[in-house]
Amino acid sequence: MIKVGIIGSTGYAGGELVRILAGHKNAEIKWFGSRSYINEKYADVYRNMFQIVDAVCMDDNMEELATQVDVIFTATPQGLCASLVNENILSQTKIIDLSADFRLKDVSVYEQWYKITHQAQQFIEEAVYGLCEVNREDVKKARLVANPGCYTTCSILTAYPLVKERLIDMSTLIIDAKSGTSGAGRGAKLPNLFCEVNENIKAYGVASHRHTPEIEEQLGYAIGEKVVLNFTPHLVPMNRGILATEYAKLTKHVTWEEVKAVYDKYYAGEKFIRVLNEGVCPETKWVEGSNYVDIGFTIDPRTNRIIMMGAIDNLVKGAAGQAVQNMNLMFGEKESEGLELVPMFP
Amino acid sequence: MIKVGIIGSTGYAGGELVRILAGHKNAEIKWFGSRSYINEKYADVYRNMFQIVDAVCMDDNMEELATQVDVIFTATPQGLCASLVNENILSQTKIIDLSADFRLKDVSVYEQWYKITHQAQQFIEEAVYGLCEVNREDVKKARLVANPGCYTTCSILTAYPLVKERLIDMSTLIIDAKSGTSGAGRGAKLPNLFCEVNENIKAYGVASHRHTPEIEEQLGYAIGEKVVLNFTPHLVPMNRGILATEYAKLTKHVTWEEVKAVYDKYYAGEKFIRVLNEGVCPETKWVEGSNYVDIGFTIDPRTNRIIMMGAIDNLVKGAAGQAVQNMNLMFGEKESEGLELVPMFP
Amino acid sequence: MIKVGIIGSTGYAGGELVRILAGHKNAEIKWFGSRSYINEKYADVYRNMFQIVDAVCMDDNMEELATQVDVIFTATPQGLCASLVNENILSQTKIIDLSADFRLKDVSVYEQWYKITHQAQQFIEEAVYGLCEVNREDVKKARLVANPGCYTTCSILTAYPLVKERLIDMSTLIIDAKSGTSGAGRGAKLPNLFCEVNENIKAYGVASHRHTPEIEEQLGYAIGEKVVLNFTPHLVPMNRGILATEYAKLTKHVTWEEVKAVYDKYYAGEKFIRVLNEGVCPETKWVEGSNYVDIGFTIDPRTNRIIMMGAIDNLVKGAAGQAVQNMNLMFGEKESEGLELVPMFP
Amino acid sequence: MIKVGIIGSTGYAGGELVRILAGHKNAEIKWFGSRSYINEKYADVYRNMFQIVDAVCMDDNMEELATQVDVIFTATPQGLCASLVNENILSQTKIIDLSADFRLKDVSVYEQWYKITHQAQQFIEEAVYGLCEVNREDVKKARLVANPGCYTTCSILTAYPLVKERLIDMSTLIIDAKSGTSGAGRGAKLPNLFCEVNENIKAYGVASHRHTPEIEEQLGYAIGEKVVLNFTPHLVPMNRGILATEYAKLTKHVTWEEVKAVYDKYYAGEKFIRVLNEGVCPETKWVEGSNYVDIGFTIDPRTNRIIMMGAIDNLVKGAAGQAVQNMNLMFGEKESEGLELVPMFP
């Protein structure tokens, strides 16, 4: 039985970790960390857990936690994990960080986009970027996993095989992404009020969203050169789901079947990636509550562009689900353990 | 392994049966009946099931089906199950009917409220009303189970212990219920269009909704006398969930703790019924995707009334979940098998 | 031209005042008060007003304001208006208070339900309860109008003629109300976040909501005796709209037409009250953005109850619209000036 | 007083025409055409119009209608207007066609994208494309106006000044658009059901949506050469609103202020176009219910792209509002008459 600690268990991603781990056969949460609700019953904060979770919220003491659990999930604001982690802790426990602290290998890029001084630079090199389908073998051996961002997971996986096979001109790649509101977190902020979000759609963080360098870095590894692209997130009046619509010029003439074969080359054995049939567009609702990535694409001969579309549940494959998938890899569990969640419709 | 057939598998309740049974260890769906989509792939109708369900939709041939499966779920319009069922079928297989055909013992009441001539009156007496927490022992022995209505399940269970213990004056009982839109089914009807439902709330079927006699009959059995009450459903702009707010005069002075003890007397051992702490009101979101019934109540000393509130997911405890719970009872499975679904939030 | 000042112009009710007054021929806003946004451009807070309103937000200085405007709207938290008003101010300007400070004639009831010490008790007697259709003549002569609460407006007007004509047994009256989320205000509070409200419905303030004594007092005046009733508000995932479903025993046998005649006796000449045809239930969407109250009712011969239903837009007839209607009466304007808003659908 | 006839008055665009014209000082609707609801009271179909509109729905007899009214709005499916119009009709009345029948000058493009044989090709040349801000003078003299599509209006106006001034490389222009569900019309179709749209986002009509050639043709006129681009619409769970996010390479180095000056050159005098301040992104909610187009943009020096964003209410500026604006131009009315609608928030 894997003993699990969560720091930040009362955010939306933290709550989703608790939901998913409740169905995991070989994991048990030993520590429900939540700075904001210390000593309150977890089920008083998340009432869905009434009579399921009996625990009380604990503080963020990572040193203490490291002595008690096999793995710590940090579902916390940027900077917190880096400020707490040290060699002593990592020698006792594994860490899966759901924040951005260890996602970017170039610390100057991190500090520039996040406006934070990185407090644990010595671990950046060691940290494994936990995009399971891409870095599976490295994840298995990791002590410290940087769990990818929600937009990033969806954006990268949607384009990855085509990038890898140099089917698209990277200088033309544009990612227009749409997210449900849980991605904004559970903080009590005016822009996230029901009446501000409902019946509304907007772009935000245009040309400045922090997931941009993360996408660029990872796609850069795939193709072996520096990538610069446009990424534009939008806020959609729904709780869950990310849809990424991606545009790029094709580098050569290809048919739908040829592109499908390229996707299959990378994803045919991937349980959580579903490449849809021709003419089918992914919809976020079809993956809600599950760890799936649904991918579809259309070739436009008029413009010689391909339009790739990917859909995930931002709290599952975009956060807690992928974190558990990483945990399974790190501990030799079946990769899908606890994650065989059937999407809920409607 | 229980072999399952579903007639009406492409309605919302049918789809939910498929979702839930996908996680059931000892059941396997052998027949995805759907008159509207015969020969189409099930996963083309419900894309959440892509790469999960490989089957093709079949017709409604209950005779044939009876020879192939151990249990048939009918998630079909009123009248269909009664028009198909016969002794030959029931001698070969069990039936769990999610329609109203066998819920009411008085056929004249059925025909009056549903405006349908009942075509299988000979099975009304035999049919067991499948409200598991109330009729568990009878369900275990049944060949034909009438799965309760969604509003009914929520309305009855919220009040049942107080009715049974004669704590409330039945002549004063009023049930004001609110439902998500999946309760209206997947038919392409103008009133169910997004733009008609969104940003809107209305009552409908006032003093004439068909779940009224069902609630009256069952609460009548509980108290041993004829019950007549007001039940008013409302349509809420959300996919899932029913909230029932119930008002009644108390027959004697009681404290919150005393009422809680009455609930506990009936529900303390019930896995799927959660009586909330004092001051907590149930919310449909806290049970979404699960088989739970959340119940709360407030005593108003100013009016000597009690306000009881119950919340369920209309597609789970209000339909498919309860149907699977009934199946588990009928086949000697663990009652909660396949139903240990943690509510999804947000 | 009526010179208008608003204190609390950046709340949702304040914003709606600005929207409505923008279309009023004889009124001009001179002061956009907003403690939270002093010196910020109003159109930076409410971007719908970009290039429509050029003003900057001002503080809450009611003394100064009184010298500049003909009428002050206070769309502020409970207690603020009472803490600022005095004879000097009222001798210079009129006040329409959208808070509850002057709604209840019995100060002890106010202090008990609102947990605030009333700081201007000397004006309670003078204040006119601004339910225009009921108190029109008094409003015309008032210096200080207490603008009714949103739930209250809807609840009272839906039942008023039947109460007045003693058609219903007041001891049996139960009001089950449902509101959109703008009624909760624009404060950045966790329970009002999109993800907490969306796909959810709950009751709140059960047997304790502050609009209860206001409804009781006003209906008490109508019938000439003390009224005690149950009022239960619910939060609905939509921006605007209140639906009140009201239940009561009839005191005598009446037909639909007879009850309709009673409504017509009071409302036939009322522009903003629409009593719907037989069989039609009001829906909040049909009044959205307008000052209408839509009323429907059903008689249930089985229980001898009448079910009355009323729908309003909580920000218009439930707040800003009624406030402008009051202003029109106080200044001899056409009562509907600025309020001939056609409901927006969908 | 302009006498108005509407064919298709019970669709969402038709209903919005009725709402807007109810506030127009010099126009009166004489004919509420609706093939589906002949002889039914209009206010029974759109209950928001109860006690506002007393008329009964009429058939589609354009010949008869032409003798009775000064202008006919056709808010009907593609092909209908072209099948009814003739010289006799146009000699008696003006027509504003909200369908696509006369939007495209190249009939082969129309027939290819719409799969309909055009039945009134003789009027294509004469028809004026009613994008008021671009073709104002031609509209004033027109007998037959082709009212632009919703996506088209938003997409063109957002980019128009930059196209006209050759600031962007047209071969790189990509339009990613998002629409509320009222754009799909009031037909009772499964994909538009509440439960299918709510909590969901998807692209549709990828590389094949019919508004593509309309955008291409109009932007082609602006720049004087053939334009081919990608346009991708998405369905968003909200009633109203279109947001277009547009990407293009800049043809030269420009500052935000320089681009703003280009917008101002074309739009400074335009009442209904609001170019937002630097750093502000348009949101559909800020224009809801109004005829405004809100435009914002960001220059990304990293990629040398500009990201332009435009927001409209699809039923107002995207349909009925622009149609009334055209009518005002055609009849010498003040262009904004009936259209001084303040956006409703929230």
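For reference, chains read A, B, C and D in written order, and residue numbers begin at 1 within each chain.
Definition applied: a contact is a pair of C-beta atoms (placed from the backbone, for glycine too) under 8 Å apart; a residue touches a chain by one contact, two chains touch by 3 or more.
Since the structure is predicted, the reported quantities are computational estimates derived from the model, not experimental observations.
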Remotest chain, chain C as reference, centres from CA atoms: A
Selected interface, B-C versus C-D, where C-beta contact pairs are more numerous: B-C
Rounded Å distance between chain B and chain D, as computed from the means of their C-alpha atoms: 45
For chain C paired with chain D, centre-to-centre distance based on mean C-alpha positions, whole Å: 36
Computed distance of Cα centres, chain C from chain B, in Å: 38
In chain C, residues with contacts to at least two other chains: 12, 182, 195-196, 198-199, 237-240, 283, 285, 288, 346
Residues of chain C that touch chain B when the two form their complex: 172, 174, 176, 178, 180, 195-196, 198-204, 206-207, 228-230, 232, 234, 236-241, 243, 245, 247, 281-285, 288, 298-300, 302-303, 305, 307, 309, 311, 346
Parts of chain B lying in touch with chain D, wherever the complex brings them together: 12, 181-182, 186, 188-190, 192-199, 237-239
Contact set on chain B toward chain A in their complex: 12, 15, 19, 22-23, 46-52, 182, 199, 239-240, 274, 276, 280, 283, 285-290, 294, 340, 342-346
